[in-house]
Amino acid sequence: MEMNLTYEAAFNELKELAAEMESEQVSVDELAEKLKRASMLIKFCQDKLRSTEAEVNQIISSMGPSQP
Amino acid sequence: GHRYFTLVEKKEGTNEIVASLKAVAWKFGSSRIREFEKQTGQAFGNNINVLLNVSVSYHQRYGLQLMVNDISAAFTIGKLEMERQATLQRLLVECPGLVRQEGENLISLNNSLPLNMVIRRIALVGSSASAGYEDFLHTLEQNEFGYRFAVDSYLGTVQGEANAAYLAATFAKIAGSNKFYDAVVLVRGGGADTDFLLFDQYELCRQVAGFPIPIITGLGHLKNHSITDRLAHTALKTPTKAAEFILAHNRASEDRLKALRNTLIIKSLELMARRQRELALPLHAIIHHSQQAFLSRKDEYHHLSREVLSKSKALLNRRSSGLAAVATHLSLAPLRILSAEVSALQQTQHTLRRDAGRQLKDQIAEVSSMERLFRLMSPMNILKKGFALVSAKGYISRDGSDVEPGQEISIRLSAYEITAITIQKEKRDGDEFNL
Amino acid sequence: MEMNLTYEAAFNELKELAAEMESEQVSVDELAEKLKRASMLIKFCQDKLRSTEAEVNQIISSMGPSQP
Amino acid sequence: MEMNLTYEAAFNELKELAAEMESEQVSVDELAEKLKRASMLIKFCQDKLRSTEAEVNQIISSMGPSQP
Amino acid sequence: MEMNLTYEAAFNELKELAAEMESEQVSVDELAEKLKRASMLIKFCQDKLRSTEAEVNQIISSMGPSQP
Amino acid sequence: MEMNLTYEAAFNELKELAAEMESEQVSVDELAEKLKRASMLIKFCQDKLRSTEAEVNQIISSMGPSQP
Amino acid sequence: MEMNLTYEAAFNELKELAAEMESEQVSVDELAEKLKRASMLIKFCQDKLRSTEAEVNQIISSMGPSQP
């Protein structure tokens, strides 16, 4: 996995992959490879979302009780 | 005793004697004359008009003589009154600046003068030997109040009508003495109160009327006042009464002085009391108002300081609410963003999964149809149905056009290959095999 | 005091003083002075009644220059 | 204290001070100062009244018996 | 604290502060600063009132017992 | 935290952050970071408000029992 | 079998073979040859599809359930 992959880049790549597949431009030779890539990106995004959510919740709960 | 005298007739308005006759009053006649003097208040002397009842007598030695039997008092009184009226009339006519008449009253310059409040310096006109003079001085000096007087005596004979000029001159001497007198006192001492003719004399009356110092008379007559009395400032019956008048006058002035002193004392005490009361007003007002002013300033201050602080708190609360609103937005937005991202990601994942499967299925189908196509095209399948594969000179003949009779051809069947020679060639339209 | 002060003048001055006091025109500042003057005038009047000429003259001159 | 202050002037000033204080024109800054002034004036007036009273009584008793 | 601050001036400044606080133009940063000023002014006014009250009471009680 | 951050500046930054998030211009990559920043700013503002309020209360209690 | 034959190439060759067999004059020998080639290519493609399908299924199942 790229060290400096961002959610943004990952999600954009996923959308391109999805579009390619939808328009059937992907050959069978590439299909597994691309799907593997997509899978990896999905995993990356999910992890990112999950960790971000955890972080957000942690920040929000830290803000919480002190609000007036 | 007997009286001897001469009766004269003067020429009108002069002293020129036109006729004279000696007369005598014997005992009875003298008693009548005394009665006359008593009734008229006038001495039987010179310069009076009389009405006599006489008897004429003649004596070789004394000659013709009238004996008085009786004398009419009424006649002389009338005459005297006429003379007085004449003097009065003359005064009114000749000295209008000094005398005038108002009803029964004679108003003279002298009796119009104000009397000094205190009579202390006195010019006393009288006869030194007379009892009246002594009475006056005694009464004045022996007073119970301790009043002191300065009396200058102007002594002389104060009787007999002939002395009118002398008396007038005495007044002139007082006026010219250059001394200050509060009053001139004219007294007539004791004796007979008969000759008041003197005080009706024009010269004296004029002097009295115009005299610049108030004149007080005490002439001692009991009956009617003389003209001098009427023109003088104050006329008293007797010298003693004149002295008493002066004492009473001074006493009255002193009483007024004492009253004034009491008024001054009372008023000054009242004034002090009032000032003291007055001072209490601003004192109380200042205490009250300064306390009020202070309290209201204090209230203002408390109100204002509370206002500043409550407004500060309100301001803080508003800021705090604003901050809370922003904080709420900020805490909700990230979760919304995240959940949107999750959906998008799931959507993409779903699309990928679906499209990848579909593409594989399509390829599998295509490869399958390709397989079927090749299987159809394989000659073995045709040969098994009884068809033959004809080839000439090594190539498969599709419609027989390239085969001539006599030509050797090879016929391939499903199990064998046959070599044959072409005998005949006949054209066919061949609709019978069309589907 | 005036050499020719008369009883009348003294008395009139006393009346004026009394009237002033009555009408409250006298200030506290003047009061004692005015009352002193009144006292002197009363004395003068009483002396006028009871003293000899020589005594009166002597009193008048003894009052000296303190007159108003 | 002014050397030539009179009772009259002092009393009038007191009345003015009372009027000022009544109309509430006095600021806190001035209040004590004005009150101090008033106190001085009242003391002055009271002293003046007292001394004048003593003087007046002395003069009156010197005027002799007051009965008419 | 200004050396020549008067109660009047302090009071007026407090009034202005109160008005400003109402007008929402005051930021929290300024508020803190203004509060510091207000605190000083309040203290100043309070001290002034207290000292004036003491002074006023002292003067009044000194005027008191000599009243007629 | 910036040394000279003001409430005003902090609050304005918070409003901008809120607007950005509302319009969903914030990427997942930035989200936690921005929220952390917002949290810090909110804390800063709250502290500022709290300390200012404490100051107000301190002034009130310093005015003490002399109030009516 | 060529070592670097791709599904794409194999499929395309199949399509060419089908066209040739349909249109040109094919000798019996060639025909047999071409049929043999097609049969091989079909097998290659089917193998490739089968393995890809297995791989895809494995990837997809590894991605877990995608439904929300």
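Think of it as A, B, C, D, E, F and G in the order they're written, each chain with its own count starting at 1.
Just so it is clear, contacts are C-beta pairs under 8 Å (C-beta built on N, C-alpha and C of every residue); 3 or more make two chains touch, one makes a residue touch a chain.
In this text, all values refer to a predicted model and were calculated from it rather than measured experimentally.
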Farthest-lying chain, centroid of Cα atoms versus that of subunit D: G
Shared interface numbering between subunit E and subunit D [over half = same, under half = different]: different
Of all other chains, the one whose Cα centre sits farthest from subunit A: C
Interchain centroid distance [CA atoms averaged], subunit B/subunit D, Å: 21
Chain centre separation (subunit E, subunit G; CA means) in Å: 99
Centre-of-Cα separation between subunit E and subunit B, whole angstrom: 41
Whole-Å gap separating subunit B and subunit G, where each centre is the average of the chain's CA atoms: 133
Residues of subunit D touching at least two other chains: 7, 11, 27-28, 31, 35, 38, 42, 45-46, 49, 52, 56, 60, 63
Shared-contact residues (touching 2 or more other chains) in subunit B: 261, 268, 272, 275-276, 279, 283, 290, 294, 297, 305, 309, 312, 316, 319-320, 323, 327, 334, 338, 341-342, 349, 356, 360, 363
Contact pairs between chains, per stated definition: A-B, A-F, A-G, B-C, B-D, B-E, B-F, B-G, C-D, D-E, E-F
Complex contact set, residues of subunit F against subunit A: 27-29, 31-32, 35-36, 39, 42-43, 46, 49
Complex contacts: residues of subunit D adjacent to subunit C: 6-8, 11, 45, 48-49, 52, 55-56, 59-60, 62-63
Interface residues, subunit C side, partner subunit B - complex: 6-8, 11, 14-15, 17-18, 21-22, 24, 26, 28, 31, 35, 38, 42, 45-46, 48-53
Residues of subunit B touching subunit D in the complex: 255, 258-259, 261-262, 265, 268-269, 272, 275-276, 278-279, 281-283, 285-286, 289-290, 292-294, 296-297
In the complex with subunit G, residue positions of subunit B that touch it: 342-343, 346, 349-350, 353, 356-357, 360, 363-364, 366-367, 370-371, 373-374, 377-379, 389, 391, 394-396, 398, 412
